[in-house]
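See below for the structure under consideration.
All chains are identified by letter, namely A, B, C and D, in their written order; residue positions are counted from 1 within each chain.
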Amino acid sequence: MSHASQFDGLARELAEIARLCYARGWALGTSGNFSAVAGRDPLTLAITTSGIDKGLLEPAHIVEIDDRGRVLRGTGSPSAETALHLAIVRSRGAGAVLHTHSIWSTILSDSVTDAADGGGGARLAIEGYEMLKGLDGIRTHEHREWLPVVENTQDWTAAAPRIETTLREHPEFHGFLIRRHGLYTWGKDLPEAKRQLEILEFLFEAMGRKRGMTWQP
Amino acid sequence: MSHASQFDGLARELAEIARLCYARGWALGTSGNFSAVAGRDPLTLAITTSGIDKGLLEPAHIVEIDDRGRVLRGTGSPSAETALHLAIVRSRGAGAVLHTHSIWSTILSDSVTDAADGGGGARLAIEGYEMLKGLDGIRTHEHREWLPVVENTQDWTAAAPRIETTLREHPEFHGFLIRRHGLYTWGKDLPEAKRQLEILEFLFEAMGRKRGMTWQP
Amino acid sequence: MSHASQFDGLARELAEIARLCYARGWALGTSGNFSAVAGRDPLTLAITTSGIDKGLLEPAHIVEIDDRGRVLRGTGSPSAETALHLAIVRSRGAGAVLHTHSIWSTILSDSVTDAADGGGGARLAIEGYEMLKGLDGIRTHEHREWLPVVENTQDWTAAAPRIETTLREHPEFHGFLIRRHGLYTWGKDLPEAKRQLEILEFLFEAMGRKRGMTWQP
Amino acid sequence: MSHASQFDGLARELAEIARLCYARGWALGTSGNFSAVAGRDPLTLAITTSGIDKGLLEPAHIVEIDDRGRVLRGTGSPSAETALHLAIVRSRGAGAVLHTHSIWSTILSDSVTDAADGGGGARLAIEGYEMLKGLDGIRTHEHREWLPVVENTQDWTAAAPRIETTLREHPEFHGFLIRRHGLYTWGKDLPEAKRQLEILEFLFEAMGRKRGMTWQP
């Protein structure tokens, strides 16, 4: 397959995932952004452009960028969080990166503080659920998954290198939360990234609803 | 484009937004009303007629009115809240006005009282969320958005001038709540108004669910 | 229009409402039943037959019955709650009756007890919401709506006369709840009954979610 | 009808149920598995293969297996929980088995402990709801349904015989929960199993939401 038709295929898949996330309430308004690796040598990404209603996102709203975030194909500006997508792809060898703004990830990201957690920064623990097996490499529910919670910023170009380092040091991470902002997860390809997104969102909802109950064990 | 075909386009867009709001549970029964500026000189609005099931709303259910709420085109009565739509368009130069009755805006509107708030009337504060950046002109999550909460009435013609004054005095407002009733928001055009609606409804849901939890920080 | 084609039209409308209620989670499994008056003199009803998956309900699953619940047209057994539909039509002159089993009506029906309410039986009060204006004849949010809560039974033929009497004595009622069971509402025709169903379900959800919060005013 | 065309029919029905469960959020990611008896003598099952996105499940993703879980028709690996499907079919004479991972079954499964329950293992009681009548053989809401809660494991081949024994000893059970994992239910055929699934999920949601409220009776 030519590179151009491969890119077109990724653009169609990304547009479909964007509209699905919008329908589920995980990317309302123009929130959220989504990418997939279009080439490895040199590295290029297919990525959603900013300012598009995710419920109306079409393949034409996807651009191809190089490893510095410059647009190679298509029109529009790539997301302001492009540096994060590139950091994830570089540090994890990911083939796809999904970033959503859901109700439960927003709420859960605010439930963990550095102080309560001791050293190593804020992290959310998810433990003992069968659904954890939907995360790459997890074979049993007897597992404690940690999600780091990163403080929000408006300068991701400055913040991305620190996150890239954390992701290299912690190959066990499947995603991270940004406080009062949302979730980043990834996968070797778009189907794996989509699966991990659904798994993590399910677990956030289950934990969030449980914490709202007085009887919670 | 002729004025007539421009009006037809607005009517189609308004019908689509009405059905979307119905599907999301923000305009059940015949609740909610929606408008867009059809002409500026003289001012005319395309606006939903009252008594229509929003799930079945068609372009034929949109009328054009003048700046006194008189019907110029189409059949049916414009909403009893037409005076509010006109007040918003005049005070903010808005191109579109959306009014919804969602569960979370209804609940949140009832959580703020004058007493608790000191001077200036009841207001809901929303602070520190990334999604705030979906509101026009907001560039960072480090922002506190205020939504005034207006007491409900059945005489909006009488109440609209006071709201128009408030909106002129507070250009920073992106919407307001009516107690136990719902939300008004607007935008320079329908896509911007729709985006702000989704952003505000998301924030209401996140805040509402969090307040229901005993662990809320 | 012939009586037969009028019946066919009602059957199509009833099937559509049944599938909508299923999609909204108000008639899961084979729960819920729906009717509309097909003739007044003598009285006949178009009504859903029992045991049908509401998500798959077709016009062929609607039968016509007389005022004693005997099938005049079509095949299948009318609902075991047919006596209630007839009682409502007779006492209120309703043209359509909708009965749903939603999460929030089930929960709310269990929140009111005789003891707490004093005389007159268990009733749920709904007060001060703009959405109340979606109920027939209500012109302002400054209204307190009462919904009687009837104890559940498996012998509606025996219980229906008491309910018919209550509905004659209280023309102000727009519906009633059956404890841990669901809601009955009605209207002069199917669109009005559907509108009142959506209004009441909205109000149940708003009240139910609010009661789950510690900050509720 | 030939066995092959009967199998094709079951495969289509199973694919439809899988996609419905995905849409309702009961089988996100690749979670959940679904089967139906394809032959009785010898016993064969049509069953979903593992690792498939349930939102994209097609009839081609269904295989036919024998009573030891060996694939007779189609390609792909049957679920790791195949032993449970076979145990249910053998002990209950079920014609269809559905296994879902919903938010509310996950939360409810964690609300019951052996200690609180006395002898006989952990069980969830559901009592007094009209919706219970959607379970096979239940004629009145005045019924207490017990759902056993089984501890989760990653070796269902080892655990299945104990569950098979429990199901033979308790013909009154309509399903069981696996802790922090999900629900198994079944029926004489797929429509009955689907109905019972919807009934149980409804009851979990109603009970879960009620327990989150401080006013719960």
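Annotations
The working rule: contacts are C-beta pairs under 8 Å (C-beta built on N, C-alpha and C of every residue); 3 or more make two chains touch, one makes a residue touch a chain.
These figures come from a predicted structure and were not determined experimentally.
Path length between chain B and chain D in the touching-chain graph (shortest route): 2. Here chain A and chain D face each other with different sets of residues for the most part; under half of the interface numbers are shared between them.
One finds 32 Å separating the Cα centroids of chain C and chain D.
Computed from the mean C-alpha positions, the centre of chain A lies at a distance of 45 Å from the centre of chain C.
In chain B, the residues touching two or more other chains are 212, 214.
In the complex of the two chains, the chain B residues touching chain C come out as 25, 28-31, 53, 101, 103, 106-107, 110-111, 113, 152, 154, 178, 180-182, 208, 211-212, 214. By the touch criterion stated above, chain D contacts chain C in their complex at residues 128-131, 134, 139-141, 191, 194-196, 198-199, 201-202, 205-206, 209-210, 212-215, 217.
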